[in-house]
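Common to both upcoming complexes is chain A, partnered first by chain B, then by chain C.
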Partner chain A sequence: MVVRVRVRNAETGATVDMELELENTVEEIIEGVSAYWEKDPGAYVIRRGRRLLRGQQKVQELDVQPNEELELIPDPEGGNR
Partner chain B sequence: MGDLLRPGERDDDRYDRTRLIRWVDLERVQRARALVVGAGALGNEAVKDLVLFGFRHVDVLDMDTVVRSNLSRCVLFREGDQRSGRGKAELVAERAMELDPAAEVRGLHGRVQALGPDGLRAYDIVLGCLDNIAARLHLNANSYYASVPYVDGGTEGFRGRVQVVVPPTSPCLQCGMNRSHLKVMERRFSCTGQEAVYYRPNLPAEITTTSAIAAIQVREAVKVLSRRAPIEHVMHYDGLAGTCEVLSLEVDPGCPNHGAGRLSQS
Partner chain C sequence: MRRPPVILEGKDMEIEEMQPPAPERTLPHKWLPNDAKPLYSEPGGAGMYLFKSAEEKVRNHALSRVEEGLEVMGFLLGEVFTHDGHEYTVVRDVATTGLESTSVSVRFDPDGFEALFASLECARFRYVLVGWYHSHPGHGCFLSSTDIATQKGMFARPYHTALVVDPVRREMDAFCLVDGEVRRRKFLVYWDEYQNPYYGESVRSRKMRA
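Then we have the complex of A and B:
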């Protein structure tokens, strides 16, 4: 089974549609869209509404609805220099 | 005989305005022992805010000395500090005590990796003002094991994040990390066959985001100490869009700080 979702780039507002298998993980979504948008190397997380998704969570566990929107946001690591 | 009042005496009380915020447990704040790890951009702002808020016992840990490019974001450093050879932590402590001579601020020169759970148990609250994921994970795991609340801050350009971790129930930093965080760490540590090389890139940074994130870290510390519910669990700030959102996170059952064989003592 395949689920189509829309992922929004929080930094640019751009969106891309992704077809996901139930076995796909959140980490794979992050890697897929990061490569598509040629993102700078860095840490990213995915939010779904007001929840942050864990990297190892599978699409099946998330019960993602068709055409639901997820958002890729940078996870800032600086601050001491 | 009743209390004797005289005009203007409330203005003599340094904390009069803070006392008007009923939920703030100022006595507990003043008794609390706070540790700030990192005396750079976030650390400067955090220590300044802690001392002005009324914290009386603050330790600040850092292993670096000042470079001139720090001066655009560090309120407690001065032109010339970069030539003094003095440690950031020592300078922050000295200047913070000028803000309130009643505060005891100690500068500790050292690495975060030297901090273990035994050392951390001496504190009531820990603030992470760091610039890399490995150091954050170390502080996160050891604070959790020591059952000490940990407030982490991070910035990059006009973006920032704050996460509050209160053992033994809340998710920790590691619960929210994924393979992209591990890849960042791998890039920092590369094995040459002889030794590990640590690469620290310069990340974009500016004072307005630094100030906002450090202020939120200190406010969360005050909330925890005043037994008021902190944010649950991660606040993401986008300074360009002018947005600030609190996003929830679940405990990762595979996280070593929580799951079977966990390091933490709950």
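Then we have the complex of A and C:
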């Protein structure tokens, strides 16, 4: 069984439609969209509404609805050195 | 055997043509460093218009940690527009959460993401993270090597802005990337009709008639 979701890049407003298998993990989703948008996957998280999706969570545990929108959020770092 | 997620289709955001905020409702920031001021006498619009209420949130956030000497950070939530071939952003709000910060570094507390997402959910418009802000308490406004890595990795589009505030020196400045190089960005504070029109000026109280 596959689920189709939309992932929005919060930095640009761009979106991708993805087809996921129930066994896919959040980490794999991040890796997929990061490769597409040429980003460092380690510097991003995904949110579903107010919830942070954990890397090892599987799609079947998330109970995502078809065509639901997830959002890719950067985890920036600042400093003065 | 399971396969990795498959990307079926990607779509870029369409950038709307829109007149920038009216000049009579914009001003350069009152904490602009002296060396930034010549940029503001040059003709041409700004690259970022910072809504007054968002500006107050940034400044107050930085000032709230000034006694501890700690950095603060957050996202600039806005929209991207174009006018006469010139791209610019309008920052309507900011979002932040608990931080892991010292006097020289800052990042979101990993336990603070859900609070951050709650504030993103409260945004009443389809925002884009048009940049980020952070403070350099007592160190002045510039982009450090860490900041530049963040800008290049996350905010590399021409319209993305890094807003830096020094609450000790009372300075605020903005930066962006042009062909991979850091450049100062002209930004203006703007307000709507119902907001305080006396931004940056002293206001004398009127004498009451007896």
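Definition applied: the second predicted complex is superposed on the first by the 77 of 81 C-alpha atoms of A that agree within 3 Å, B and C clash if a C-alpha of one lies under 4 Å from a C-alpha of the other, contacts with A are read in each partner's own complex, and residues count from 1 in each chain.
Here, contacts are C-beta pairs under 8 Å (C-beta built on N, C-alpha and C of every residue); 3 or more make two chains touch, one makes a residue touch a chain.
Since we're looking at a predicted model, the values are computed, not measured.
Steric overlap between chain B and chain C is present once the structures are superposed on chain A. When the shared chain is aligned, chain B comes close enough to touch A:Arg54, but chain C does not. Counting the residues of chain A touched by each of chain B and chain C gives the higher count for C.
Within the superposed three-chain model, A:Met1 lies out of touch with both chain B and chain C [touch as defined at top]. Touch criterion met: A:Pro41 reaches chain B, while chain C stays clear of it. Of the two partner chains placed around the shared chain by superposition, chain C is the only one that A:Val16 touches, whereas chain B remains out of contact. Residue contacts after overlaying the shared chain place A:Glu27 against chain B, while chain C stays out of touching range.
Once both structures are laid onto chain A, the chain B stretch out of 43-51, 79-87 or 133-141 that overlaps chain C is 43-51. Shared contact residues on chain A (touching chain B in one structure, chain C in the other): 10, 31, 43, 45, 47, 50-52, 73-81. In the complex of the two chains, the chain B residues touching chain A come out as 38-43, 62, 64, 69-70, 129-133, 136, 153-157, 159-161, 175-181, 183-184, 187, 200, 202-205, 210, 213, 233-234, 236, 238, 245-250, 252, 254. Within the complex formed with chain C, the chain A residues making contact are 4, 10-21, 23-24, 28-29, 31-33, 36, 39-40, 43, 45, 47, 49-52, 71, 73-81.
Against chain A, in their complex, chain C makes its touches with residues 2-13, 71, 73, 80, 104-108, 113-114, 116-118, 120-121, 126-129, 132, 134, 136, 139, 142, 144-147, 149-150, 153-155, 157, 160. Considering their complex, residues 10, 26-27, 30-31, 34, 41-45, 47, 50-52, 54-56, 73-81 of chain A touch chain B.
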